[in-house]
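Structures for review follow.
Shared chain: chain A. Partners: chain B in the first complex, chain C in the second.
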Partner chain A sequence: MTGAARLEMKNISKQYYGNRVLKGLSFSVNKGEVLSLVGENGAGKSTLMNILFGMPVIHSTGGFDGEIFLDGEKANIKSPEEAMKLGIGMVHQEFMLLPGFTITENIKLNREITKDSLLSKIFGKPMKWLDLPAMKADARQSMDTIGLGIDEMLPVRGLPVGHMQFVEIARELDKKNIRLLVLDEPTAVLTESDADKLLEAMKILTGKGISILFISHRLDEVMAASDKIVVLRDGEQIAETRPSETTIDRIAELMVGRKIESGEMVGRPPSELKDDYILEIRDLSVAMPGERVKGVNLDVKRGEILGIGGLAGQGKIGIANGIMGLFPSDGDVKKNGKTIKLNAARASLDNAMAFVSEDRRGTGLLLDDSIEFNIVATAIQVQGKFLTPGKVRILDSQAMTGLATNMIQELDIRCTGPGQLTRRLSGGNQQKVCIARAIILEPNLLFVSEPTRGIDIGAKKLILDHLVKLNRDNGLTIVMTSSELAELRSICDRIAIVYQGKLEGILLPTDSDRDFGLMMAGEYHKFHGKEAV
Partner chain B sequence: MRLLQKNIVPIVFIVLCTIGFHYSGLSWMFFANDLMTRLARNSFLVISLIIPVLAGMGLNFGIVLGAMAGQFAAFITVVYNLTGITGFFLACVLSIPFAVLFGWLTGILFNKAKGKEMITGLILGFFANGLYQLVCLIFIGWIIPISNKALLLPSGIGFVNTLDLKIWQYAIDKFYVFKLKGITTPLLKYLNNINFPVLTLIIVALLCTAVYLLFRTKLGQDFRAVGQNRHIAEVAGIKVDRVRIIAVIFSTVLAAWGQLIFLQNIGNVQVYGSHVQVGTFAVAALLIGGASVSKATIGQALLGTVLFHALFIVSPLAGKNIMGSAQVGEYFRVFVAYGVIGIALALHAWQRLTKKE
Partner chain C sequence: MDNDFLNKLGIPRLIISLFLAFLVAAAFSFGLPMGQIFSAMLTRFGMNALLVLAMIPTIQAGAGPNFGLPFGIICGLIGATLAIELDLRGFTAFFFAIGVSIPLGAIAGWLYGLLLNRVKGQEMTVGTYMGFSIVSVMCIFWLMAPYKSPEMVWPYGGDGLRVTVVLDGRMEQLLDRFLSFTVNGVTIPTGLLLATALCCVLLWIFMRTRTGLAMSVVGSNPRFAEASGLNVNKYRLLASVVSCAMGAAGIVIYSQSYGFIQLYQAPLYMALYSVSAILIGGASLQRATITQALIGTFLFNALLVIALPVANVAMDSDISEIMRVIISNGIILYALTRKEVGGDAR
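After this line comes the complex of A and B, so read on.
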């Protein structure tokens, strides 16, 4: 390659309210090259793409540092429209297609070819006729380029997802000035044969001189498709390499590679936990949008802390939500050998299971009620506690306040008193209220989802320590779902990794970074055969 | 079977109308004549609802404001004594500035209440009625001087209850003469006895064509795109808020004209009442035609108008003949009109829920 690179990003940094999420990234892509960005959730990939695409979220939070060059020219991208004008195209993770429109109408959306009508001479463009034959011809050409052989007048509704993905790409391709195409996890929803076709289409595009930024969690695709691979972790550029110079397990290791001292891990070795199962999950499916579970088999040992990990959208969050009856689910769940009725939150609560939701402010709290009432609300409803005896039962506020005061002390909830509204509490203290409410139900199995999301480090440690304390002192079995692998590894005894709605395998916290990385990317079994499950 | 399921609402109403017609004892000729008149005078109002439905704003109960705009224009022609077909068309032209203003304001409000346009429009209709009465009852004759005292209440302030529109009654309807001589074929002879308001029907047909063609322009495409998904349309660079406001303005202007056509047939205007039911009746008619909150066609609008008004014609007599009281038929008709709106809205909400899962 001669001349300037197609895209060069120099020293890109970004802060959100003093929190540095990107720390001086620099890389470049040449004309007709594919550069893959890999990294865990939260590594900074989306922020980087938002910067490149001039999304308002970047500029409303103080912009970014660093420079972007397109074909050697400094690009100052302030809005998505400008990005599009500069020839940057994006295929979004979720489909940006109108289901009721035909493929042609979608490809040409707001770029319709028009011809003059009688009224358009007076009222301008809005009154021009659509030139459907010309639009069809254009759409056909783009579709043929990437090998999408279906009728261009089919409605998008009812197309298989693989085809929808191709329609999106055809739409970007139809923008004639396209120079750089961003594919944000395009294969996440595709079957393997569709994904292969997509990789072939990418080759056609690069052959036409279009450069591609490819974001994917499927490492084998990354290896097959890219010219360059950039590994991000915690906003830092960990490595820039080429497929010929590296291996999949090396990348997996780089992706995860967070140093955890073995002293920080409190998980117990398998020998200390008996094969006595408190919960047996068979073939559980949960229709939770964005976190679909598609047939999970998992056993929870009595007295353990089991972690559930995996990348966002793979279904890890759906498991607890399904068992607790918050989303429609199907399958067979047995607690202590007794089948639990699904799709009934009450049945789950009655069976001594409790849940701390990942949606703290939505599902978790009554934001406009006091701390004390939040703590006892479920107990009142489900177990009839904290009510005066007799026929007409009213709230026993003395008992409620007494218990709340104890809980505030025990969990170190920072507040003005038990009567404070939970809306005014910080995230960490709100989370403690949620945990307190779950505990007073006296469950023997506690589900905790994302307990430390959006919480500062001090409160994080307190919450994790308290979970361990509950487990060790009261023998409470805990199933903790978290996106933060480090946190799972620090307190769990075993960690189940979910990939594409299914259980990929179970690891011990002491297993290598490489194994965790591979398992989260769904590559583990290709390396280790089937012995892990 | 699926065809039946899809069109269950119109089918039920066809059955109801047939039964009602049978028991009403009306002659075909009377029925057909009456229906033709009603179709000509009401279909325009129903068609004015289609654009907002396709732009994703649901059923525009706000067309009440369009009716008000039409009535303001009608008052002006009455005050200045503009007569005949010129008077009528002048009223149509005069209604445009009012309707555009009202539609624009409605559109701005709807943009602030995205997803709740229907209830907003319904309440807006009540609110606007208050302002309308303020103008007609207080301002007229006080702030706005009127020279012809016969139009005012005895106190000299406020319009009288009923204003005569004889000056342009049947301005366009009277072109119905379609009486050919020497026809002997029984069927044609029979049809020849019906009064076809030819010019009105031509105007309605032109409107249908215009709406149909509108959806083949860039603007129409934008309406449909916004109607399907605001977010995606916005990402594609369509100015969503603007498109929505334009859709409401179109609807309001068409409603103003629809109200004028309605009034020229009736021949008088109930100053404080003619516009009140316009929104609900038009919505009911459209729904009876098989439209939903998110999908409507011209055919459904016309079919709905026919069925809704057929029921209007037959139900009092059918009620009298079956139950011995015309009131029961009246009651049944009102019950059905509002019931249909309720069921259609509930069905829509239910469909949306099942789609989510």
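After this line comes the complex of A and C, so read on.
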């Protein structure tokens, strides 16, 4: 069948436990074309790729609906091995390379060229020797194709990240039957010049007739490299377009979309909040792996709910973690004009700041301790509360249980009693325990990270409402970090967007989807030409 | 049987208790001197309790059972031998020994804690070999140390300590005999049990102070502890100090009840017995309570006391002793491999 598309995905749908995450996607890529998939985190890109690769997670959760055609033939991909046999290659966001092996060994891994040895004549194939010169030649060829000029016998450990990315691509290229290459955010870790090289390499590949599925958050790259652009939002295919027919800000707008009515926003207009700053952050850098902060300047107004948004990996999560002393940080943070000592959790806690971590089970809870002890543990250590009076001060179980019972009621924590282990609670109730723990520290500045991640809708609303209540009734200043823009827009007064470890700008919840989309993609200032607010 | 009760007791404890009950019944039917057997059970319980309780601080602080206990035990032995060297008797000797042991044990625990903080996640293996090494090093010490007391040095040559030092007339069964009385042929070692109770109360209070609670937070979740402004290494170190100091005092209590100070290779497996006891009591490698320590000490030692005489009467072979070893070691293996979490606090 000539003229058929290299890859055609027809009406792809996927449900996870009744939750529809992909809703009838259809698109096609021709031979030698680049198709870009863009969308926010959670838009369905990864699920789509998992389907294309026949990942076990898809098939163990009931498979998917729809059909996939490769060069006109219906492909029934049940496992990653089959996907590879069909000539689909993937370059991952995290490097899947063996650091102790050389570039050649990595490229030829599991596809080594072998030659007969004495032992193999007796024991068969597993005892064959490696034909290293042939392997080197192969690796060299693949590397030359994409312009990677380094020695093919260098160990992978210690290579610059840019080179590692190219080694991954060379490895996929070395698979002789490769027809379709998936690049999942290949430029996320690259410098600009490396990213440019990568885009050039992509051109070489398409020139050889290989089709590319390109996933990226950098919209300028998408515009530069693609033949086609497919925009996903909430599992739906919002648009299919070509770079010549659209603009970056149009794509940004499509990506974010209107998910929230202005009536649901409780944020107050800027005129209601005075320019009285409770926290001034200057040049904050935080070495949090995967969420690096590289010099953020941000002021928090007293009594506001400030949102911090941005795409995954851009550093939004790192800000609160850095200020609360959980990851090595550097810079100048002043609370009420007084400098806060960094890299010391205790100093932050002593200055009436509290933190509800995004890592609920890892950092936020003592999973094998009771609800009541979880709630009071930090207050005991930091403030010496819940201890009996006298010389030898021991845990005051009565006060602890009393307080926990109140908190359980106030936050509607569903449990068998204050003595239940937090491990046995659902995600939403665990989160409520974390919030209770932070509140009883009586902070005047509360950091909340990803408060609703992995939580059902009912609990989500309750938690957000409670945060607003704390803010309005007790005047608690809240800094909420979240990947869900809709959630930020529903309760925040202002929303700071972080891009590549820096503050990209501050928006109001009522600002346009287009502005949010542009800012998260780091394109805002190119369009508006104004400095961060 | 009530399912809740069964869950709380745990199947391993149920098996051991049934086995123990079976042995007691057997001993009774063979007409063995039950009074003596029960007395021995109580005494051995008291002798070992503090050594088992010493496991709690390190378990709670996340460093696992203290396999380095011999390090602390040796400090206790130094204290006890010094008391004899100075020709002390009675409670003077006992309190002198305890008084010397605890600070020495604390220093040992501090050194050991420094080591533990460098090998997080492998405390059990490293601790075991640390214990083995220190026991061997101390063998040289016992030989070389300038002890002069004729009760302790080898009768020939006059250099180096004997393998066992008799405490007769020094502090033999000092606590055991204190206020002791006999009911139905069972001698109650009142002083020993009171001392055990005192240790429990002190440990209970300590574990509920701010410091003790911090220790258990550190063990439960180090990231949480850091986020609460706690210095994880500091509390792990402290746990090791407390544990080794308890081990040091524990061996003095053990020795006075036993009537001998055992030197050289004797402390080698002491940590293993204590670890076994607390695991049999239902503790996990992450969480342990005083109750679990006490139950475990009792079950472990009661089995030890009763298994041999029953076996001797019941059959020519040592099958009962073999059964005991199989069951108690099987349960340790089970405890070391299980991943389950403990029951709710209430």
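Keep this in mind: the second predicted complex is superposed on the first by the 528 of 533 C-alpha atoms of A that agree within 3 Å, B and C clash if a C-alpha of one lies under 4 Å from a C-alpha of the other, contacts with A are read in each partner's own complex, and residues count from 1 in each chain.
The criterion applied here is as follows: a contact is a pair of C-beta atoms (placed from the backbone, for glycine too) under 8 Å apart; a residue touches a chain by one contact, two chains touch by 3 or more.
What you are looking at is a predicted structure, and each value in this text was computed from that prediction instead of being measured.
Enquirer: When the two structures are laid over each other on chain A, do chain B and chain C clash or fit?
Expert: fit
Enquirer: With both complexes overlaid on chain A, does A:Leu154 touch chain B (first), chain C (second), both or neither?
Expert: The answer is neither, since A:Leu154 touches no partner chain.
Enquirer: May I ask you to decide whether A:Arg346 touches chain B, chain C, both, or neither, giving the answer as first, second, both or neither?
Expert: second
Enquirer: Does chain C touch more residues of chain A than chain B does, or is it the other way round?
Expert: Touched residues of chain A are more numerous for C.
Enquirer: Quick one: classify A:Leu395 as touching chain B (first), chain C (second), both or neither.
Expert: After superposition on chain A, A:Leu395 lies in contact with chain C alone.
Enquirer: How many degrees, to the nearest 10, separate the directions from chain A's C-alpha centre towards those of chain B and chain C?
Expert: 40
Enquirer: Is A:Leu109 touching anything from chain B or chain C once the two structures are fitted on A? First, second, both or neither.
Expert: Only chain B; A:Leu109 stays clear of chain C.
Enquirer: Based on the superposed arrangement, let me know which partner A:Phe101 touches: chain B (first), chain C (second), both, or neither?
Expert: In the superposition, A:Phe101 touches chain B alone.
Enquirer: Tell me which partner A:Ala4 touches in the superposition: chain B (first), chain C (second), both or neither.
Expert: neither
Enquirer: By how many Å are the closest C-alpha atoms of chain B and chain C apart after the superposition?
Expert: Chain B and chain C, overlaid via chain A, are at closest 6 Å apart by C-alpha.
Enquirer: Chain A residues touched by both chain B and chain C?
Expert: Comparing the two interfaces on chain A, one with chain B and one with chain C, no residues are shared.
Enquirer: If you look only at chain B, which of its residues touch chain A in the complex?
Expert: Interface residues on the chain B side: 216-219, 221-222, 224-225, 228-229, 232-233, 235-238, 246, 357.
Enquirer: Would you mind writing out the residues of chain A in touch with chain B in their complex?
Expert: It comes out as residues 80-81, 84, 96-101, 105, 109-112, 114, 117, 120, 125-130, 287, 328.
Enquirer: What residues of chain C sit close enough to touch chain A in their complex?
Expert: Residue positions touching the partner: 205, 208-210, 213-214, 216-217, 220-221, 223-224, 226-230, 286-287, 341-342, 344-346.
Enquirer: Per the contact definition, I'd like the list of chain A residues that touch chain C in the complex.
Expert: 324-326, 344-350, 355, 357, 359, 362-370, 372-373, 377-378, 380-382, 384, 387, 392-395, 416-421, 423-424
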